[in-house]
Every structure is written in C-alpha cells, then in structure tokens.
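Report on the structure given below.
Naming follows writing order (A, B, C and D), and every chain is counted from residue 1.
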Amino acid sequence: MAAKVKTAVLGATGYAGYELTRLLLRHERLQKPLLLKRESGGGGADLSASFPALSGNGGYPLEPFSVAKLKEAGVDLLFFATPHELSRSLVPEVVRAGVRVIDLSGAWRLRRTEHRDIYGFGDADVKAVHEAMAQAVYGLPELRSKEIADAALVANPGCYATSVILALAPLLAAGLIDRERGIISDSKSGVSGAGKDATARTHFVSVADNLSAYGVFKHRHVGEMVEQLNLNLDELTFTPHLLPIPRGILSTIYVKLSRSCTSAEVETCYRDAYKGRRWVRVFSPPQLPEIQYSLHSNHCDIGFCLADDARRLVIVSCVDNLLKGAAGQAVQNMNVIYGWNEAEGLQ
Amino acid sequence: MAAKVKTAVLGATGYAGYELTRLLLRHERLQKPLLLKRESGGGGADLSASFPALSGNGGYPLEPFSVAKLKEAGVDLLFFATPHELSRSLVPEVVRAGVRVIDLSGAWRLRRTEHRDIYGFGDADVKAVHEAMAQAVYGLPELRSKEIADAALVANPGCYATSVILALAPLLAAGLIDRERGIISDSKSGVSGAGKDATARTHFVSVADNLSAYGVFKHRHVGEMVEQLNLNLDELTFTPHLLPIPRGILSTIYVKLSRSCTSAEVETCYRDAYKGRRWVRVFSPPQLPEIQYSLHSNHCDIGFCLADDARRLVIVSCVDNLLKGAAGQAVQNMNVIYGWNEAEGLQ
Amino acid sequence: MAAKVKTAVLGATGYAGYELTRLLLRHERLQKPLLLKRESGGGGADLSASFPALSGNGGYPLEPFSVAKLKEAGVDLLFFATPHELSRSLVPEVVRAGVRVIDLSGAWRLRRTEHRDIYGFGDADVKAVHEAMAQAVYGLPELRSKEIADAALVANPGCYATSVILALAPLLAAGLIDRERGIISDSKSGVSGAGKDATARTHFVSVADNLSAYGVFKHRHVGEMVEQLNLNLDELTFTPHLLPIPRGILSTIYVKLSRSCTSAEVETCYRDAYKGRRWVRVFSPPQLPEIQYSLHSNHCDIGFCLADDARRLVIVSCVDNLLKGAAGQAVQNMNVIYGWNEAEGLQ
Amino acid sequence: MAAKVKTAVLGATGYAGYELTRLLLRHERLQKPLLLKRESGGGGADLSASFPALSGNGGYPLEPFSVAKLKEAGVDLLFFATPHELSRSLVPEVVRAGVRVIDLSGAWRLRRTEHRDIYGFGDADVKAVHEAMAQAVYGLPELRSKEIADAALVANPGCYATSVILALAPLLAAGLIDRERGIISDSKSGVSGAGKDATARTHFVSVADNLSAYGVFKHRHVGEMVEQLNLNLDELTFTPHLLPIPRGILSTIYVKLSRSCTSAEVETCYRDAYKGRRWVRVFSPPQLPEIQYSLHSNHCDIGFCLADDARRLVIVSCVDNLLKGAAGQAVQNMNVIYGWNEAEGLQ
C-alpha cells in the first residue's frame, strides 16, 4: 500500500470540522490528522474538551496554525472548516506553499462577477483572494470529478446547495425543465447547519416545537446554485427553513417540465446521470426520501412525484448537512484527488 | 345575560375533540358540554382516562350517543370530531332532528361534483348525505360569516386548508396572482394532525429527527382549497410534510404576481381584507410568522416576502392545527352562529 | 366589584416574566399591567419584539423602571422576574415605598444563616438586603397562605423546590419518612428553567437527543428545600437534569418510610394534606403523573408507588416550571394576598 | 487471515436487529450475514422495505428461518433479536444443532429460581428451556469474558441492566457500598428501548414534550441486575423513565459508601476495574457523562460526584441502548467468542 497521506484540519471545534475529524481518524489511507486552531483561538487544548464524545480515546491536541507548522508536519492536504473570512485570509498562503486545500466555507465557491460580494473580504488581501478564486474548483464530485482531481483548491459546496444542485442538474442537462416558469426549492435544515454559536435563534426553546423560514430571497447558497446550474438569479426561488432537529436537510423542489413526460422517463434521466455514483441514491416512485434515510451517511437521496398532468414535478432531495452537505463530501473530494474509491472512509 | 347554550361533543377522545372540549368547558356562554361516544365505543367511561391532564377536576363522563339523548339533554349544538365516515352516517339525522351541527371532519366540505368521491360514503345513506351536503356551509368565518350565521350544518375547514385559503384569498380576490403560472403551497404540520391512532408512521422513532413529504398531489385538503379559492385543480400544487413537533402548521406559499407590486401594496391588500378580523394577524415585512407565534392560540398568522423583481412572492402562513385548524375555528363558528364576539372563549 | 388592582412586572422579557405577563393580562381583577425594564435595559421598546406571539394585540410598551414611576402609575403590587442580584438591589426600596412585592428570583427565599451566601449580594446594600429578608415570606400557598396574605414581600419558590417540597411536606409532617436513611430527589427539567440566555448549554444541538445531570450536590434550590422541610442538608440529595423539552419538571423522589404503611395510608396522608387545595392533584396508584399532564396548567401533580416491602416509596411529582414553578404560583400568591379565589386567572 | 465467519440474524426488522445487521455488514471478519424471519413473518421480503436507509445498497433479502436453512448456509453463529417468547421456542433446537447463539432477548439471562417466572414460557417446551438456561452465560464481557468465550449460548444483557451493572460492580466488589442503605437507580431511556410496535405509549404526541416513569418496582431488568450484582431484591430500587429522544440511556445511581472515601479512591476503584477494557470510559470529576457522548458508540460511560460528607455518592452511567445496550454488546460478545479484538467492527 502507498504511503499514508498526512492531513490537517483547521476548525475542528465546529460541527462540520468535528464530523470531518471523526471521518479522517478512521480513514485507512491517512495518518492521524493534525488538528489546528487559530493562534489566538480560545477553547481547550484538546478537541475532547469541546466534544466529550471523544473522551478517553487517546488525545486530540489542538495546535496553533502556521504555514511553517504545516511544512514541519509534512501536511499534504489541509481542510478548512472555518468562517469564510478566515479562509480568505489564510488559504492563499497555504496554496502558494504547495499544500492542497479543501475548504468547507463559502469563500471560493462563486465565480461570477456579480456574486463576488456575497462573501465579504474581511481583512483579506483582495488580490490574493482573486488569485486563489481563479484556481478553485467547485467540489461536487458527481458533476466535476475530473477538475477536482487536479485542483489545488477545492471549494466544498454548501449543504443546501448540494441537495438542490444534485436534484436539478440531470433534468436541466436533459432540457426537461421549463426554466421560464421558475424553479422553487423549499428547503428545510436541522440546526447544526446554523453553526455552533449560541444565539437567540439557536436556543433550544426558540427551535423546539417550532419551524421558521429565514433568508427568503437572500440566502448565500443561491449564488452557487445558480452558477452551478447555469440559471439566472430570478429563475430560482430558494426558501430555507430551520427544523427542530439537530441535523439533516430535505429540499422539496417544484419544477414544470418543458414537455409531457412519464414518471419512467424522469427516473431514467436520474438513473443515467448518477449511474455508478456511489453517493447518490435515486428512489423509484412512489417512494420518497426522508431525512432519516440519509442521516449519518454520505448519501444524497433523490425521489420525485409527477402530477397527472405530466408536467408538474415535485422532487424531494435529502442529505445529512454535516456529511454529504459538508464533511462527508470533503472526504469524498479527497478520495477523488488521490484517486481512491469515493466510498473510502465513508461507509 | 341570555340563557346558556347547551353543546355536545361526539369524539372528545381524539386530539381535536379534546381540545374542543377544553375550550367549551371554559366558554362563559355555555353550559357544561355533554360528552358523547359511539355506543359501541371502547375506551374509558370518563374523558380523563384518555387525557389525564383533566384528572381531578370533577368528572367528564362519556355517554352513548343517540338522537334521543340529544333531545333529552336539550342540546342546541352538536360538534362532530369524528372520522368523516361516521359523520356521514350520523349527521343527516341530527340535522333533521333540528340540532345544529358543526362537523370537524371533511364530510361536508366539498361541493363540486368532481370532488364528491374524495371522502367515501362508508355505510352512509348516499341520498341523505347529498341532502345534508346541500345545506352545509364551509365554516371559514373570515370569508363566510353571514352564511355560517344561518347554517344548520357547518363544515369546519381542514387545518392545512385554513392556512392556505386565508393566505391566498385576498390576493386572488384582488386579481394579484397570475394563476396560470401555478400556485404552490409547501406545507408542514405537527403530528397531531395525523390523528391519535398509533401507526408505524406516528411512532416517536419514525418522526423524531426526521421530516417527510407525503400525499404529494393527492391530499384531500386540496379539494377544499381549490373550491374555496375558485381555482382549477392543476393551478394549485400542495405538498404536505410531517414535522417532528406535536402541533402547528406552517405553509410556505409561492405565487407569481399578475403585475409588479410593491411590498406595501401586498400588505395593504391583506390588511384591507382582514380589517376587524380578530383571528388573522398580518405581519409587516421583513417579519415572518413562525409556528411558535400562533401555537396555543386561534390566530392565523400571515406574512410575506416580495422578490426584487416585484413579481415573485413568498407567503408564510401559520396556524395551530388543533385550534384555528380545528377546535378553535369550530368555537369561532359557534360564536358567529350565536352572534357572539368571535373571540369569546378563545382568548 | 371592587376596584381593579394595578400590577407591574419588571423582567417581562424573560420566560417567567413573559408567562406572568400573559396571566396578568387576562386576570379579571386586574388593570392592564405596567411592564417595566431596567433603565439601562436593551431590547425592543415593546414586549412583542421579544415575543412575537403577542403581535397585533395592541401594544405592550416596556417602560423604564423607577420607584417614582411606580407611584405615578399607582402600582399596588410589583412582580420581579429578574436575576436575584437585581432583586437584591431594587426590592428593598420598593418595599419601603409601600409597594407590595412578589419576587420570582431566589433573593429572599432563604432564612438560615448558613444559607445566606447561596445567593450573592452583587452591588446591593447588605443591610437593606437583610432587612428585606426579615420581612420576606416563602410563597408556597399550600403551606403558608396565612403569612402570605399579610406579607409585604413574597419570595416566590424555585421551580424544582416547588415540586420537591409539595411532594415531601405531608409525609414529613406525619412523621412517615425515615429521615436518617436519606431522601433523594432525582429531578428533571425542561430548558426554559435554564433561562433565556443563549449559551453553549442551551444551544439546540447540545440539548436535543440528550440528557445531562448538573449541579450535583450544589444546586441552589436545595437550600430552600431543606429550610422549608426542616431537614439537615445531608438528609436530602438532589440531582437536577436537563431534559430535551422546552418546559416541565418531573421529580422522582425516593424515601424509606419510618414504619410499614399501606398504599392507602400514604394516599390518605396526601389527600388530607391537600384537601381543598385547588392546585395540587393527588393521583391514586398505580397512576403516576407525567410532565404532559400538568403542562400549561398551575397544577402540582403528585403520585407514588410503594414497594412490596411496605417501606420503600417512590414519589413522582410534576409541575410546569413556568407556571406552578414560577409565574402561576406568583399569581396564586397574589390571589392569596388579595383574598381572591386561588384559581382566579389561572384556569 | 482466517476464513470468515458466517453469521445470521433472526429479527433484523426490529430496532436492535437492524442496528446489529448494520454492524455485521461492515465487520471485516464476517461473511455477509444471513437475514432470517419467522416463516409466518409478514413485512417486506427485503430489510430495506422496513429500513429505507438501506435502499440501493444491493439487497438484504429476508429468508424464512429453519434449522435446516442454518445448516445449509453454514451458519456458525445465530443472533436472536426476537421477543423472548420466540427465543424460548427456537433457541434450544438451534443450540442442539451445534450453532452458537447470542440472544438479545431476556430469555436466558436469569438463573435464580425465584426469577424464573419473570419471562414467561409461551408455548415453549419448559424442559428444553431449562436445559438451555443451564448452558447460558450472561454476556457482559467486562465481567465474564472467559465464560463467554466458551459459551454455546450467550444471553446478551438488557440495556438498562448494562448501564447499572457496569456502574455498580466495581464498587460492590471492593466492598465500598453500604448495601443495607439501599441502592437506587433512576434510569431514563430513549423510545427505541420500548420497541418498534406502534402503541399509544410510543405515539409521537404522547412522548414529545413529556417524561414519564413506568414499571416502578416491576421492571424485568431488575432480576438480572440483582443476580449479576449479587444483591437481594430489596437492596435495589430501579425506576425507568421514558425520554423524548429516539435512543440513549442515562442512569443516575445513588449509593451510600460503607466508609468515608475520597473522590480519588472512587475513581481509582473504577479505573482499576476497567483497565484495558476498551468499551468502558471512566470520567474524572467534575465531568459527568451525558447521553450524547456515548450515542452511536459502544461505550458505557461512567462518572460520579461525591458529597462533602464523603459518603453519599451519585454515579451517572450512559449507554446507547441499541449499541452497548444491545447490538454493539452482541458484536462485542462475538468478538470475545472468536478471540478477536473487542473493538472489531465497533469503531
């Protein structure tokens, strides 16, 4: 077997970073990952202080991040599980130092000029950001595995975006969707998608026994959806909702077909598109995905229901926001980069 | 003060019937309600056996239903909180006996010939059902208070239907919606809406940490929505979802306006329509309703968000499925019938 | 009918203060309550900004607190729903100004010298605190209604303490408990008991799908339990737990009887003690209280199970922590003070 | 590497059986497990019909159980995840046929004559049951790994029992507990512990926002606790509660020490007892286990808090009821039987 790859994680104390760390720890092609924190970072000196589920397994020290540290430790691949502002400050230097990067933040996902301001620049060097952005590849392996394999910088997709893009891409590619009629994604996410910061909005009493829509017409993931799907901004209406569950996303997507179709044609379109793709499961009608089915797995589950008029189509798409929507997809991208089976470390 | 009205409830052991009973018990215009069960009905002889929250307050005996019993007890108004099959068997006789009926089931909600089969006839007398249906008034007081006041039989609306109809009626009446583009309601309900029967689907482990769509293009409430809103069946796409919460409904509704509007125009349309209506609250943008806001109240809360293109409109509408979606609305209908303030017994 | 009493609430933006405000708003003996905030208090100028469930009902302005304001508004009774440090600073002056006080904080609950430090003094005047403390009456109406009726300052009990004291007092008074064997209360509370502050501990993801014990041997409510029950500190072991629900407390209490008893004797002891007490419900074995039964009510529900050895007794006691455990009990205390029926405004 | 072992599961459609199947599927020492159902068993012909999370991974056919089928398929080890009545009917014949059995039901856990009736005999052959019982080994590897290694029939422990026995055994063995004072375990479990049958008690609306005690002084797991801990029945008071979460158990255990101890002594007692035991984690005070920490893992987590009086000890013990409390422990037992590392297939 080839030498084991050395990975590192910056931001392991967040939900996605923690999930990622757990995946990396049991991935057989990897050395034990190096866990990094910002030099000024507070919190405990060991990851188990933030996540006691790790207690007693031998120590997960968090070390201060620096490019020198990466070189000294022989890091081949660094995962960023950080706020996008921090990614924008640090990623360019890391890439220039020859360390591959998979960034779970939104910092490098957008290419179109009109989307450049969706994620701010903070105190990052704008020129360096633009240079890095030019190298970044959108890391949705079902759509772009060849580019990912060669990328120095992979922009790991947003969780909502993953559920929406994978549900729509095959139909759009086949010209089956009447784009002018508009596409609607009514998406619902568990609370871990809102991050680990304690806010009035993430307080248990605010979330339990509740459901709320938020960010209507304003959510940042719309940018990557329309870019990846090659849509105009006003062709896609996206409404996220906060569910009273810890994790999981379900998107209910409404499209009008451009011509009358049978249910079998729609299913064939999906099955052809995802043939051989280990992490997308297409459900046959009338079965529809539910959040539980893909929870704690890297699957994106897709099902649909066609109206009697043979035109109105409802698609249901589910992912675990921390796995296929974040850490699992990051590992899948790593597998693509190194030419490993996409399922390694994810089963 | 006028003599107190005598009410009765058939079906108090279900969720809606229980909620209704609690409202009737504290309504100051009413005598203590008579609680009825089917003669063959099992379960305890007292409602507190099914709902121990009533323990120790003095006894809620359940007596066998018969028309003779109604007459003997001097019942003025009988609420049915029963499966629609049972309503179809029993309501015609009760109405003929001169007792007013408010029926929480779906038995009498639909008028159009093509919808007649949505609710089956069971072992009911089809002719009697058709006669009763001809007298029935759809009990949405914000739209039909005059007809309700005179009705011998009020068909209390469905929970989903209440949230959707109240959100759409003002805009449709004002001609603001481009119906040809289609209207979509993505609705989410708590589990009490699925009834008290223990099934694989209502098992805690099936619901918790989950979300699922069901009945896509097939839910029975669509019939009443299109009838009340005067839509064609293919103009409305309705997708219900089962939320991991005990109660509450949120509908996210997508329409395209028939002309460019400002947010203020939309708000005015709603405020004009619901002026003086105690149980509809219109929210000003950017505030949107959440399920918690109307929980344990009889409110239907309506808010919206208009896209920058001045055409795409997202409406959010919330009700407590057991109150404005069932028992509360039934009490409101009773208040209308007797000319009382619509808020009596509901505050 | 007598003139309506004027109440005020300081701290209506917390969970208990909000619940209290809702109760006061519908209490028929009261004028609309005056809602007060600390002068430096942030947040909206209207309570509906914190609790949108109040939207559209006419305005709940929050006005800056001052004793002058109380006098000007003719306030008869001021409820404090504040952190105990703030109560200690402000209550003495209010009481001296002749305004009655019911304080929901822990500031005035403890009398024994050895407990004085359980609640700190912050920047309060220690002498004034001690003076106020000397006047304070512990506001558990089932045990002390006479003293409460005359009190200038009522210390509203803690939520856990209410569930434990009411479950134990009758048996202790009857000498039925072998105190030397130790009394154990394993108590579980919903998250609203932890307050509205957003912390890592109240984050939805930390609480959902979880249960945790905390404050073992250290919780502040133990002080009031042992004082009110006349126990030594080491005779009572109290372990609170955080439940993944918004509200409700269940205490499972373990005692050894001082002599062999029948189940009927135990039940009689409870029923005699709480005869005529509207807000305590005694359950007959084998039925035990559950949190749902007393939710959204002011009941304290008590049930028990006696072992075959006729000595080991398990008592289960439930309250809604925001009602009988806080705001409901405060209203009950007000009813006692003014000689009204204890159930007024609480049904 | 040695030839792979052939396992089979009877009862994979229950929660524990399903969890077990998932573990067996990824255990590297095993062939793909044979999934069996009772001949009369209803349900789908494939396990993915019951658990759609398995969709699309290649088929999990359920075949009718018979001893002939076991022999034909070359099954070395059969797991029973069945009701105890069925185990009592079928296990004796399987054992006689030379197939090893690990039974997750309670059928073979109890040895003492006075406990024999705790689990009924159904239509089983009483003599055959007694013979099988005589061969059965209680499968708690931390206490009995040697006997397990040689056993033809392993009685996999109950979920509650696992959490209680592991928390108490070291202290009892060291003589540190004053047994005469009584031991109390206040235990709380998620709903999967109540099984997959849809009942009024497992309905989402009954469980959500609730907590209830049940089976006080009557739960069947008490038998195995007292047998394994060598206690008299009246020395242990055990109260189970139903938590509004899908899975996880937390037991809060109260003992009085037989002599004054320091916290360090208690910790040393635990650490010595579980030295080298991969699946027990001892927490150092003041940290206590929480349900989330051991969820989805095979850990039993144990922590404690000692009172200032150096005598009263509160122990907190957590397991995932479906893993260390059922399927995980079964796999651990299999690892012991075959001499594999106890962690295989469980990480």
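Everything that follows uses one rule, which is that a contact is a pair of C-beta atoms (placed from the backbone, for glycine too) under 8 Å apart; a residue touches a chain by one contact, two chains touch by 3 or more.
Treat the numbers as computed from the prediction; the structure is a model and nothing was measured.
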Chain-contact steps, minimal, separating chain D from chain B: 1
Both-way neighbours, i.e. chains that touch chain D and touch chain A: B, C
Interchain centroid distance [CA atoms averaged], chain A/chain C, Å: 46
Averaged-CA centre spacing for the pair chain C and chain B, given as whole angstrom: 37
Length of the line joining the C-alpha centres of chain A and chain B, rounded to whole Å: 40
Of all residues in chain B, the ones touching two or more other chains: 206, 208-209, 244-247, 290, 292, 295
List of chain D residues in touch with chain A within their complex: 26, 52-53, 55-56, 209, 281-283, 287, 289-290, 292-297, 301, 347
Complex interface listing, chain C residues touching chain D: 181-182, 184, 186, 188, 206, 208-214, 216-217, 234, 237, 239, 241, 243-248, 250, 252, 254, 256, 288, 290-292, 295, 305, 307-309, 312, 314, 316
Touching residues on chain A, where the partner in the complex is chain C: 15, 191-192, 196, 198-200, 202-209, 244-247
